[in-house]
């Protein structure tokens, strides 16, 4: 084993820490990136991967630690500064401008200028077209971004990152929303960047992908550095062990599968732009998993069931009767509740205290003829927070001050307090720590055992396989497959979600 | 003990009322035991005047002499003032009858109405179209003068009143309204503006439109403000009574009534150097005739008010 | 886990309302020293007319702003409601009918705003800038340069009458509405949903709150209180002109913001608005007693508005 | 440039043409080139202010203090004229003072983080009050101004008044600024998605402050023009004009939530109001109708714009993406 020349160290982070109110996102982590090599950053949700990306691109200022480029200490006070020092990133969430054109989104902040110092639109569009071609995206640079779907937006974000001539390229889950073909084009691009000698940081939850393109790995767990090394020296099992700190199959609770009568039957649900011909049946005591890539449209279907988006056709039966759900209030009255994916925007009402969050959908029960009764509210809140083992200073603490996992508990408590028949959990463990995650899983199992019908939307294969009785896979707004029992293998899930034909 | 007399004006900062205040101070000096409180809202609203009146009531002033923005809206507040023993008179722009003890017109309304038409007619020997640019549509005095002017119109054959528009005593709005008149009525011979803001804006508009000589702007204005227009020829002549005299007379009347003079029909109440006011059936009196200014005398007066 | 972190008392002492009480007391004492006429029951009673009508609207406006909306058309609603009363009076209606017409016009105007904002989803600031012109514009079309005068004698009571001793009808109505809005905002499910919507409209919708219905009702309430204020103001002035209450919307919004209601929605109390109303009333009255022109008072109020919002923010920044 | 000609602008232009055509059928004199030039000239202050306001609104702010800034700068210009300052210096002073007043707004928004509507509500009364304090409430009338001071905006060059030319220059400058400069594009970015703007290295607060400075400077310039044109300065000039300015923006399709709007739309919005204002007296409709008409125009415009720009939601179905 003789490497011709040892790879050159470009960027070194050491002792980097970052805290948010109530969360220590990074504690003294380290990370090395080498020229011409792909380093995979691995860790569970909430491990701090995106946080380190933001530190590296000047979005967040670290609380402590050193950043060195070519051995010289540097700092990134703004996003601009990071770009000037040759660091560029494709961020996990698409941070783009809906009202601007594709070309502008790619070049905003460093648009090509003509000799009068004015933006040269023609040149900008030509360069944008070239960049898009380079990543194999067939997009008109003059479209406004609003007119694009999520995958195309993601391609624009990639083109933007490449528009900066950088030495360090960071990709935070770049393939999560892309189709099979686009993913392959991205891999080729990564190879080309490598050949150009760029140092690449690649973040992904997909092991096949990591083993395919990465040269090195770094593992974070709960904001701490766990280990790093070369890919050829490690197995998948070892990486998983490092990521979670215990073996995988212990995570999920064992549960009896007592599936009862149908509770909810959906048929032919469609929407002009978001989903088409969705149909399934949900039973008492069942946990039905919904799997798909991010942007597959699962959340939209769930929100239609919950009365937020209106389906253009389709029917829905609850128990024996046809249910017409025109508003969330009607959904709740019918016993359907939805724990949304976006906790910050849709779940918790930050600014209101915990107990008021919990009683919000149950006010009709805690109040008397429209007048609030605080004692009743506290009683209800106490019951459910105790059941979910919520950690907070008091019940009238602002929800916004709680940690992510505890906020999620508040949101779940809020829905359980309505005593529903069907509970839809959209990415219920996204971004919450391992301890809370297990508690949520435990709790879901309990709910099903009590006879509730549960729908769980998740993008994590282990969670889907570990918890569900049955899995529906969605792709681009349609049901791609329904799997149960022995059919439920990671392989088949991934194939169905990505639209790859079954292996013979 | 000094008498505190409040001179309440339509809005602070208007040249006409500043001049009236000079007259009030003159009266105060002459009387010796009078303190003038010169006050008013900063914009020409009735609500603003009511707040001012309320604070004057609270201060327990001896008399209020007001030029009202709205004859009816201020009446309840003034009634309250009278109930608390405060002498209330109106001057310049009047208050509804039950809201004051007497009203002092700067001149007789009929005379003013006639004067403004006559000023226009004198300089249009062949007759033609005239239009009126007034202050706000709610100004009592302007409305009465316009009414009087329309009454005497038949005496001026050939003078054809085509429109009455309102500039709200805002320079820019009056300017635009004047512009509109010039465009709409190609045969317009004169614009009559019975308000100092309006006549200024109208003469500016006529100058800007290049119509000096073909459209004569006339009405009521202050010599100091109108000197330029008379010089340029946009205005041949205009009229006004002396606002200093008006402020002086109002102060004298307020003082005398507050000291026991009875304000009732037929009564004659002295107003210092201005003689005496004789009240009519509505408890109204006129101060003096309007005085006409033109090239011959403007120089003399423009530095006075 | 305890239900409450701190006792309500200690919380109250550190609140915005405490700051306002300090300001109010300071203004009161300053006034008492500055003018010998200030400490007089009748004068103080007269002073309340400076704020009662605005404050009635401010209560409803506070709820609307807490819910993240705004209504700039309130003063124009007063003009239109007053005009409608004038029309009704000319048609020979009696006092009770006049009151009903005024209030009903207010509610209708509110409903129109509500439809545009809650049903059609248009931004309330723009819609109400539009209806602000529209409503007053209709008054101008109806009245032009005319005025309605000669309201029935009984009608004067709403703006000029006294319930008992120095307590005017308007002052009593102000107190009653303050109590009613206090209960509505702080003691009912409806009030709770208003806070939820203001803090996070999406999450409120996801929690089963009929967000649009709540918004619609809030616009009805500003319309209603504007209608009530129109009755009081028309009665107090004894006449209707289309220019009635010009510019009042900004004073109402100032009162609401000064009262500690966040213009971004989500927080604020009725008590704060009551205190802000009293402060604004005392300031205008106090300056009035010294014959300070109204515009100087408004400089003071403008500075007060920016200062009371800026100072806590600057202190917090230095603290962290 | 065709890219900026969205259908919204075309429709608004058609609406204005239709309006003018209808007026012309009854009053042909209205469409005489001279008269149209007059309408444009009368609308110039509104156009200049609306462009400043649009920039502020693009960044998700609002400037309610424009009219007060205008009035204060106009008063100062008139007073400086009285003090004998030469005209170029007066113009400069008005613009610089306007920019400074805008900077006060901007700094309060940027550094103290007070919501723009509250800041400008406060400064609007403060600025007006300052006029009262410095002028002692007195008017400055035509005869107290020098001829040169009054003549500049009404001097005619190539058939248009200087005031119109200034408006045209501001339109051109504004178009270059927002379409062709990095700063201009950052106004859109900041208002369209402040969160993403941070990721592209744009300082949101500073950009907003710059927008206020620009709006203030334009208001300062307009202050001089206004006072010179109408030959009078007093506390209340342009009272309530801020609402006309916001209305012009809204009618022109500027999104009140920020991030969307064009100079052309904004100019058309101002012209729409200008034509109505000028046409009513000509057509013989009582001026009392003007308020109601412009109010209705605002509501129709905002309803129309909202309908056009209605968020289409996420586009997940591939077939739907092409159609969008």
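Letters A, B, C and D mark the chains in the order given here, with residues in each chain numbered from 1 onward.
Simple rule for what comes next: contacts are C-beta pairs under 8 Å (C-beta built on N, C-alpha and C of every residue); 3 or more make two chains touch, one makes a residue touch a chain.
Predicted, not measured: the structure shown is a model, and the values here were computed from it.
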Farthest-lying chain, centroid of Cα atoms versus that of chain B: A
Where chain A and chain D are represented by their mean Cα positions, the distance between them in whole Å: 43
Whole-Å gap between the CA centroids of chain B and chain C: 36
Computed distance of Cα centres, chain D from chain C, in Å: 30
Chain B, residues touching no fewer than two other chains: 12, 42, 166
Residues of chain D whose C-beta touches two or more other chains: 132, 137, 235
Chain A residues counted as touching two or more neighbouring chains: none
Chains touching one another, given as label pairs in label order: A-C, A-D, B-C, B-D, C-D
Chain D partner contacts - residues on chain B that touch it in the complex: 12-15, 18, 42-43, 165-166, 170-172, 175-177, 179-181, 183-184, 186, 200-201, 204, 208, 224-229, 302
Of chain B, residues touching chain C in the complex: 12, 37, 39-42, 45-48, 50-52, 54-55, 57-60, 70, 72-73, 75-76, 80, 96, 136-138, 143, 166
Touch list for chain D against partner chain A, complex: 3, 176, 179-182, 185-186, 188-189, 192-193, 195-196, 198-203, 259-260, 312-318, 320-321, 324
Chain A partner contacts - residues on chain C that touch it in the complex: 1-5, 187-193, 195-196, 199-200, 202-210, 266-267
Chain B contact footprint on chain C (complex, rising order): 35, 37-38, 40, 42-43, 46-47, 49-50, 144-147, 149, 156, 159-160, 236-239, 241, 243-246, 284-285, 288-289, 291, 293-295
